[in-house]
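Okay, so subunit A shows up in both of these, paired with subunit B first and subunit C after.
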Partner chain A sequence: MKNNILEVRNVTKSYPVYSQLLHTKITKKIVLKNITFSLEENTALGVLGPSGCGKTTLAKIIARIEQPDSGEVLFEGRNIFSYPNKTFACMVQLLFQNPYSMLNPKLNIGFLIKERVRQYFKLNNTKVEDSTVNKKISELLETVKLSPDVLKMYPYQLSGGQRQRVAILLVLCLYPKLLILDEPLSALDVSLQAQMLNFFAELKQQFKFSYIFITHDENLAEYFCDQIIKIENGEILTK
Partner chain B sequence: MIKLLLNRIVVLFITFIGITVITFVVINISPGKPQDMMDMSTRISFEAKQRLVKLYGLDKPLHIRYFNWFLRVIRLDFGTSFKDDKPVLKKISERLPATLLLNILSLGIIFFVGCTIGILSAMYQNKFFDKLTTIVVFLGYSIPRYWLAILCMIVFGIKLNWLPISGLRSVNWEYLPFVGKIWDILKHLILPVAISSFSGLAGLARYVRGSMIEQLNCEYIKFALSKGTQRKKVVFYHAFRNVLIPVVTILGLSLPDLIGGGFIFETIFAYPGMGRLGYEAIMARDYPLIMGIGTITAALTLLGNFIADIVYVYVDPRVRYK
Partner chain C sequence: MNSKLVLEITDFETAFYIKPKDKYLFALREINFELYKAQKIAFVGESGSGKTTLANAILQLNPNNVTTYFGNIIFYPQKENCSICLDKYSIVTTEEHYDENTQTTSYDIHTLDEELLNHIRGNHISMIFQDPFTALNPVLRVGEQISEVILNHNLNITKKEVYDKVIELLSKVELPEPHIIYKKYPHQLSGGQIQRVCIAIALANIPEILIADEPTTALDATLKHTILSLLTHLVGSFSTSLILITHDINLVKNYVDYVYILYAGEIIESGLTKQIFYNPLHPYTKLLMSCSVDKTKKGQKLPVIPYELPDLTDQDFIYEKCIFLNRCPQRNNRCETKKPQLYSIKGQKVKCLLYEK
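Right, the complex of A and B next:
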């Protein structure tokens, strides 16, 4: 029997609603209500639901970008907020809905990748020389099927598919145990979507991570995931 | 990149010509002529005045005089002052270092203190530090510089007697030891530099704060934080780099303010710089000196903007590749 890698227990989250005139808090909008589910090691969970139902908020809570109002999220049996930043970086990584927004527009891709690869070695307390870092970068570029030419380019110079692959490379750099893919295909055209789906399947085989696949496409979730939860109006409808 | 620089140089040259034409026309059509100004201090005859007009070439049409002046300026000859017959370039070169010293120190303080306040206010948004600096910064915005200058002169110079209130050196400066000389200049600079930095610093700190808050809310910052590095590292390597663009623009644009604004400011502090020289030249309708100061100020301002454009290209790769 597999162990639970992630447990989400009674998570509730709301955002304040401000008045337009004086910008005073008038009410709060509940986006997640008592969300509870778990995810086993090396499995894929699909999170389905229409736009605005709270899927991205859930992803951000699991990735520690947002804090829940109540409830808790456990990773390997421990509350995610009790992990030091450095340890948590190698556990959960989030691939944002728009890969372009993940990349600093003023820094070239080479700098962004190098920064992450160096961080990976630093987190594993390994002192490395530039040649080792460069070798690692070449390996990763090969994995995501990108040419080394992209290293000199800036995010705005890349195509949609290239941006998506760079973003994937950046999250894979740290070899996370859990990857959250927040609608990873929404920014791509149909032909690229098919390519990326096969690519994700290959990566899962190679890197052996668990992942949460957030989408509003039911067929895609069924094809791609071992278990599925459906969210509507902030509540889990079916598991 | 070279094409971009050449384009900028052509635009700057045209702007420079435009500035000199406007300055020349404005000073020549403004009331009061050089010979009339001399009449205020000494009683001279009509014939003597006519001789002066002829000597200064003021009897020729405006466009001819501008053309002659421009031909001389190309050879770096700005003529001689109507007031004391000293070469204009010599008079300016005596005063320019003091103005540059004041403005470079002010710009340095504006940049470092303004950016630091802006970054820390954004990092600790709505906390005590942010609220305190917001109040100080709005005071800097709203208090007129000349009023603050006079207030500080009364408090620190007259009441407390801590700092000198005029000039750049004491009367006995030449007899002081080397360290004493430097300390004396520094003491004279504290008030003018502090006051001239205060209002510029206020504006920059607000700009940096606003831009930093915008950047810190971007997803790429959240993603950069997710790799487990310290927040301050992400703030400086990622967010501040992007905030540098408006900062460079504002610093470039504040250069003319610092040189132009010196006219009143330097006069209040009796500071021996370009501003005070300009004020005296305008009062005496000393055309060659006014034109000399105007030309050099315009050249420095345009140079400042040109440098800002180059730095802009380096901090924003999107400009470099367009």
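Right, the complex of A and C next:
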């Protein structure tokens, strides 16, 4: 029997709606209503629903970017807000739809990765030399099947698949237990989609990751995920 | 095909000059195709295969300073009552463009000046761009943006007529309450609504050709089919020819008559949609179709196309060998020494030595 890694209990979230003329709050729009579900270790949960149904808001709440109005989210039995920032960063990571938004266009890929790897060692209170960092980087590059040439490149010089892999590498650097993927394949072509799905499945086996896979593609969710929840108008329709 | 020819592209090539490397990148090569009135065709290929470059080349939208074109893009205008063509440019009556034997007017798009090109863009040939969010001007109301296209290409039209036409277009693209949508700014609309507005802009002057460059990539799965159904229905009702560009081979199945598979700048297979789907010949097409995600394959590893696209600056490779050589699961020694031609098999065309007669 697997343990629950994540429990979402009665989460409700609303956003204020402002009047265009007066710039005052006139009402509130409920985005999520009483969302309850749990996720077991080393499983993939698909979150399906049309645009604007609250999928990304749910991801942001689990990743602690947004606070719920009511309800709570438990990670390994503890409320997510009770974890120190540094510890939580090593537990849950969010991968966005657009990898560009994760990569600073003015910095080369080598710098971006090095910065993140140093952060990993810093979070674990280990002092490291450059050679250890470089060794770690080459290990990670091998995991995501990227050649070391990309280290000298800038984000705009990479292809769509390479950019997505770099974004995944940045997330992997911290070895999180839960990876939230927010529509990671919607901008990729079929061949790259297949490559990335195979890659996610390999990572799941290798690192025993748990996934929350947010998508609007039912076919994709049914292929990749062990459990699926459907959200419509902020409510869970089916599990 | 008995209908009238609208566009004819022969031996077309496009090369971009890369200044830092002092090299040419041969983005499109040996492109030949014909488009007939009311025909719907699709160009399918993975990222970087040259689909958008081809679409931009037809409308001369690639950057002039770095682009070199070879070959011809011949456009046959069909509008008999285009007031600007008749009055301002006299295209229809110009001798150099008129062929008495066939009684048709035609002109090579690459030889036209900027003023005439601007007349063709949006009036004779329209385009729907990939990202609807960046296609519209954020500081102009939606109605004004559609009116602009109508006003630019129609002489002697009153404001009332333009307004009525915009409202009619908004209802044709199935937008609810067109009078309210007219006054809205792009940020107040959803992705699907914006894409419908883009379709309305593209079809405002009932063009002869509509190029839809990945019109559904930025939309969610349920909207994709709705938008494509609407697009093909409208195109059919106006007898406009459609060039659909997409990377999703399964998406085009029910919407187009003819499919071209583009790989690294070359058409490697073409045929009727049924032929391509039920009897794909080229190893690349077969791989592309097997890659698509299917829930019945759950738990299995998906087949992928190994390695990356070839280096398109390497002239020795792209002009001497099979372009799919590095990734082909069925390659043999001959593929390294001979460049395949397009071989015709029961109406289907394929560029692979396996089908050489």
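Throughout what follows, the second predicted complex is superposed on the first by the 239 of 239 C-alpha atoms of A that agree within 3 Å, B and C clash if a C-alpha of one lies under 4 Å from a C-alpha of the other, contacts with A are read in each partner's own complex, and residues count from 1 in each chain.
By definition in this document, a contact is a pair of C-beta atoms (placed from the backbone, for glycine too) under 8 Å apart; a residue touches a chain by one contact, two chains touch by 3 or more.
The structure presented is a predicted model; accordingly, all values stated were derived computationally and were not measured.
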First (subunit B), second (subunit C), both or neither: which does A:S159 touch? second
After lining up the shared chain so the two structures overlap, which partner does A:F81 touch, if you call subunit B first and subunit C second: first, second, both or neither? neither
Which of subunit B and subunit C A:Y15 touches, first, second, both or neither: neither
Return first, second, both or neither, reflecting whether A:I65 touches subunit B, subunit C, both chains, or no partner chain. first
Kindly classify A:A89 by the partners it touches after superposition: subunit B alone (first), subunit C alone (second), both, or neither? first
In the overlay, answer first, second, both or neither for which of subunit B and subunit C A:L174 touches. first
Quick check on the superposed pair: does A:L123 touch subunit B, subunit C, both, or neither? Answer first, second, both or neither. first
With the two complexes superposed on chain A, say which partner A:A201 touches: subunit B (first), subunit C (second), both, or neither. second
Interfacial residue positions of subunit A with respect to subunit B in the complex: 63-65, 85-90, 93-94, 96, 98, 101-108, 115-116, 119, 123, 154, 156-157, 170, 173-174
Could you pull out which subunit C residues touch subunit A in their complex? 46-48, 190-192, 217, 219-223, 247-250, 287-288, 291-295, 297-298, 301-305, 308
Of all residues in subunit B, which touch subunit A in the complex? 218-220, 222-229, 237-238, 241-242, 315-318, 321
Spell out the part of subunit A that touches subunit C in their complex, as residue ranges. 50-52, 159-161, 186-195, 197-198, 201, 216-220, 222-223
